[in-house]
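Below you'll find the structures, each written out as structure tokens.
What follows is subunit A paired twice: with subunit B in the first complex and subunit C in the second.
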Partner chain A sequence: MPTAMRSKGFIAIALLPALLLFLIFVIIPVFWSAYYGFFSWKGFGDATFIGLDNYREMFKDPIFWRALRNNLILVVSSIIGQVPIALILAIVLFKNSFFSRFIRSAVFMPMVLSTVVVGLIWGYIYHPQFGIANYVLEMLGLESWTRAWLSDPKVNMLAISIPINWANIGPYLVIFIAALQNISPEIHDAAKIDGSTGWNKLMQITLPMVWSTVVVTIVLCISGSLKAFDHVIVMTGGGPAQSTELLATYMYNSTFSVYRYGYGSAVSTMIMIVSAILIALNYFATRRKSS
Partner chain B sequence: MRPKRKIGLVLLMMTLVLAACGGGQSKEQAGGNEGDQEKVKLTIWHNFAGDDLRAKSVRSFIDQFAQDHPEVTLDAQAIPPDGYRQRLSTVAAANEMPDVFFVYAGSQSAELHQAKLLQPITEVLDAHSDWKDKFLPGAFDPYEFEDGQIYSAPLGMSATSILYYNKALFDKHNVKVPTTWEEMMAAVKTFNDNGITPIALGNKAPWVAQSTIIGSIADRVTGTEWFKKAAAQDGAKFTDPEFIEALGYFKELVDNKAFQEGANSIDNTQAEQYFIQGNAAMMISGAWTLTNLAASSSEEQMKDIEVTTLPAIPGGKGEANTISGGAGGGLALSSRTEGKAKELALELIYAVSGPEAQKAIAESNSMVMYDTEIDESKVTSLYYKAFNLVKSTGITPVYDAYLSAEAAEVINNGLQEIMMGGAVEGVAQKLQDAQARSATP
Partner chain C sequence: MNLQTTGTGSASGKRVITKGLTGFVKLLLIVYAILTLYPLYWLFTSAFKSNQDFFNNPYGLPKEWMTENLFRAWELGNMGRAMINSTVVTITAVVLTILLSLLAAYVLSRFQFRFKKLVVVLFTTGLLIPIHSTLVPLFIMMKNIGLLDTYGALILPYTAFELPIAIFLAMAYMSSIPREIEEAAMIDGSGWWGIFGRMILPLCTPIVATISILAFLRFWNDFSFALVFINTQALKTLPLSLSLFSDGFGTDYSLTMGAMAIAVIPTIVAYLILQEQIMKGMVAGSIKG
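Our next item is the complex of A and B:
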């Protein structure tokens, strides 16, 4: 049996079911949807081939660019929000005391909640009349800061990015703690002998040792933020007046509310292209830093 | 030993894959089967999935049909309304419609008809002419896609622009219930001065302002004729001055802070609660609010609430004392259902939308497009008031029932834009562009 396990044939066969499922439910639909992107199609009835017209229309549509901008706001906010906070928490909560375990679970909590629940909770926090956010500001004497957080187009993207970051720090924290635990104790000992402690040790030893993990989490942040959909749908539905539209909600609305499957498919293909570009950029940017 | 085992594994895998591929096909053709002995399989999809009285009574009529027809295997699926449209368009895309399904009046059913997925149910209507005749005028308008061919019988009426007001608050602040636009603006001012929200609005799902407010106001300004022409893009445009003026009235409400702050980020149900708790003096909403309030608030809270129509607008071309509305959704028949299955499907439609069902629906605090007497003791007092109000007023079209799906989306978002300070002309232009695109394919 051990030899059989090692044989390439067996590996291929063992991979086959997963590969088939992946192929049928992920890879093929992706290409299929890219193909529909070249059609004007209502979802039923006849589809007419229109070449690149969907893409041309997309580039001309200001809502598409606004959605892209909102997505980039989310990408930036999650990279500067989630990754550093998760890393700092991981370093601080690395010890296995009761207190740090408690805080770790608390930070992980929102991840366990369904995104709909998170959306509803924050919807109430931001509620223009009864929301805690406005109430706290009034208590602090900051009446002038109170506003309808989710409908004021100047702040609503920011207001939305806070719960998204809040809900997503948990898994990064776990990833970072695992990465920190992977640093072998000899390195710590060697550092101690060389007299490296505190800040110096963090910058010279710890960060470089977990750098590859940081890169991975940034990739996860980018792809996660570009797929972001559920929180926004629950909190604002992309509104008001499409001011919080994201690429994914834009795709969803043009597909399922306006019945333009062809156009929606083109948008979803675009989402994939944009994330590929951003992830490639990130790859080159962080590779230089690490070398 | 080893090669044999390998072959065994490969064979096992192949069988699994083949079995997976074969599974889907066995259920086919059940619908069209004739043969007297065999059970006929019927599927029905509807969105009466909730726990409210109306959904329960519709479901009970479906269950009753299944009991009365042992020869039918009835597969009834109640799909929650939020996901219903999507589920239906998904199966429509795959051309796998259930035999009988609930459709909405307006662009959804029109598009399904265009895609040749529906067939008329005229024969069952003609067979029960006493039933057909008791439908209110206009009940079949949205479903008569060809002359003399009717594709569905409405299960309800959407009355979308009832003005609900809190009589206690009006009395307390000595405000007259507005019958003209001037009185409306005066009421808005008085309530604002007293720290009460004049009109509660929950426009997070952006169809609300369009369906409840603009349709009715615009009809008063432009008249119904104009709107039908503009929707057909035949001799009128949404950039015409009368429509700009109509949007202007909406902007006037916004500019005078008639709606509470952040109305675009709370949903309709939250606005209903805000209103029923006495935080707002008025709410412009549809008949669904009657059903919601009946389920969620006490008689005590509801006794101060009265209903009327939106105020008249001076110099408008349309009639005052009207409510925007029309036939609600109904059951439609799939174009693929044939033979014995079709006969039974039509009977099923009659069982669920026939006279008894209409009465039961009306008595579950939900409007119907059908002339029926209801028992006052079975419904809430507020519903009874509204039921009689709607009987006595004219009905004008709801905007999104006539606009294309895309144009409806544009005006929905456009109203939110106006609420955020956008210009009415730009919104009118975008609406015109969107409707023109879909009217001339």
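Our next item is the complex of A and C:
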């Protein structure tokens, strides 16, 4: 039998590599960015302590607020665009027939593509000269709707949200199908005996049964939308005139384009705070529902 | 469709309507699937067109299938180099993730020790930290220790960020392995390393598959870390080269499409072969994450 000493040695040697790597590359940077956020620093030379000035400047910068608003637009659009479509698809596709398997794998396919490829393809789809978005509108006789989708500040956040929704419906579909298949057959039988069918059954039995799953997918939408950095960098770079800036691209541009490391760190810290607030809000909202 | 057909057995007229409805739903679904796949179809057809063909006839099939684009894109974009970089970085990071996460998960699921709770809480917070908020401090740190512009600048953070989810998936799986197996091995005189290597690892194959799929797709497709931590041409991974390629050859659209086609072929082939596992793996990963 392994002795207590040998167990201790095993625990240390087996756990430490993972723990150290994780601490160094994930946890410590969080504290570093909080620390650097109090400095004015160009990335070389001396850093000057300036207290909360970076944060004051951030709150006065209209671009920061636009970036925050754009992030929230993506959160809302993915909750509206992904969850209902995925749920409807799941309800019609939950049988394991060949047909529904085929549709499922088609819907899931974009999920395995790199975000760069997704961004580039959709950049071309929106292209003012040869993009198919305008071509389809012209065919439908809606010439007045055609526009430069990624340049027009009125619609470009919406245009950016579509490929993100396109790529992310797949996993939600699979999650919902799993939830629907978990509903026991007795419940379906009971519904049949009660004469509850179609729409009635959907609203009174199916939806309440999968409601907890809906909540999970909404949480995933929130955290997923904070990751939209790649799409924006590839499609617009945050422009034109910083109209599609997200918090993460705002941070990236202030750090690596104008070399303000202190300010960039303050924005990083702010991203952390915003996501903590969103997660906390969501936690309290869902806790109340379940109790 | 099951929902509409249950309980409508009485009147035959009703049955006809249901059948029509089912057909209509199927049609809608097929249209939806085509819409989803269209951007990919467009990518692959455009990749084989000449630029002139692309502008005159952007949505049809190529007049002439030009494989030349793919070869030119491969050459001009240094795609071979990028493919090698992506492969080296991805495989190393996947192996490292599996090794470290399984060992850690084994310790956390089988042993009681001081600070265990703290370690679990730490890894849990790791799931909640937005990746992009660490880009700036990581950049500064790697610059200071000279890690920028090396394979390590990608391999180490990839692994570190994948560890929490991998550990939790592995812990959940290991808790289903009965302890009697290990007790028997202990009586035979095996040490912990022997038990881990000879008994636990082979039993963990299914979860290793899930973790590998998740990690492979995330590392292979990552853009933001590569964008910030890699500057040298010779070290650029596929997504990074692709984004630069499209900047550099902005108006040569069919060439850029060719480069993209090359880049997506590996993941699409993997997806076509491993569909079910990939779907399950990504869903398991996203729910825990």
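Annotations for the structure displayed:
Assume the second predicted complex is superposed on the first by the 260 of 291 C-alpha atoms of A that agree within 3 Å, B and C clash if a C-alpha of one lies under 4 Å from a C-alpha of the other, contacts with A are read in each partner's own complex, and residues count from 1 in each chain.
In this section, a contact is a pair of C-beta atoms (placed from the backbone, for glycine too) under 8 Å apart; a residue touches a chain by one contact, two chains touch by 3 or more.
The model shown is predicted, which means the values in this text are computed figures rather than measured ones.
Using the contact criterion defined above for the overlaid structures, shared-chain residue A:Lys42 touches subunit B, although it does not reach subunit C. Touch counts on subunit A: comparing subunit C and subunit B, the chain ahead is C. Of the two partner chains, neither subunit B nor subunit C is touched by A:Ala280. Within the superposed three-chain model, A:Thr236 lies in touch with subunit B and out of touch with subunit C [touch as defined at top]. In the superposition on chain A, A:Pro153 makes contact with subunit B only, not with subunit C. Shared-chain residue A:Tyr261: touches subunit B and subunit C both. By the touch criterion defined above, A:Pro17 reaches both subunit B and subunit C. When both complexes are overlaid on chain A, the residue A:Phe25 reaches subunit C alone and has no touch with subunit B.
Contacts of A:Asn253 after superposition on the shared chain: subunit B is touched, whereas subunit C is not.
Of the two partner chains, neither subunit B nor subunit C is touched by A:Leu52.
On subunit A, the surface patch touched by subunit B in one complex and by subunit C in the other comprises residues 10, 17, 43, 123, 129, 256, 261. On subunit A, the positions that touch subunit C within their shared complex are 1-2, 6-8, 10-11, 14-15, 17-19, 21-30, 32-33, 36, 43, 89, 91-95, 99, 102-117, 119-125, 129-130, 132, 135, 166, 170-171, 174-175, 178, 188, 192, 195, 197-198, 201-202, 206, 216, 220, 223, 226-227, 229-230, 233-234, 248, 251-252, 255-256, 261, 264-265, 268-269, 271-272, 275-276, 279. Residues 2, 5-6, 9-10, 13, 16-17, 85-86, 89-90, 92-93, 95, 111-112, 114-117, 203-206, 260-266, 270, 274, 279, 405-406, 409, 413-414, 416-417, 419-420, 422 of subunit B touch subunit A in their complex. Of all residues in subunit A, only 3-4, 9-10, 13, 16-17, 20, 42-45, 123, 126-129, 147-153, 156, 235-237, 239-243, 253, 256-261 touch subunit B in the complex they form.
Remark: subunit C residues 1-4, 6-8, 25-26, 29-30, 32-33, 36-37, 39-40, 42-43, 54-55, 58-59, 100-101, 103-104, 106-108, 111, 113, 119, 122-123, 125-126, 128-141, 143, 156-157, 159-161, 163-164, 167, 186-187, 191-193, 196, 217, 220-221, 223-224, 227-228, 238-240, 242-243, 246, 253, 256-257, 260, 263-264, 267-268, 270-271, 275, 278-280, 282-283, 286-287, 289 touch subunit A in the complex.
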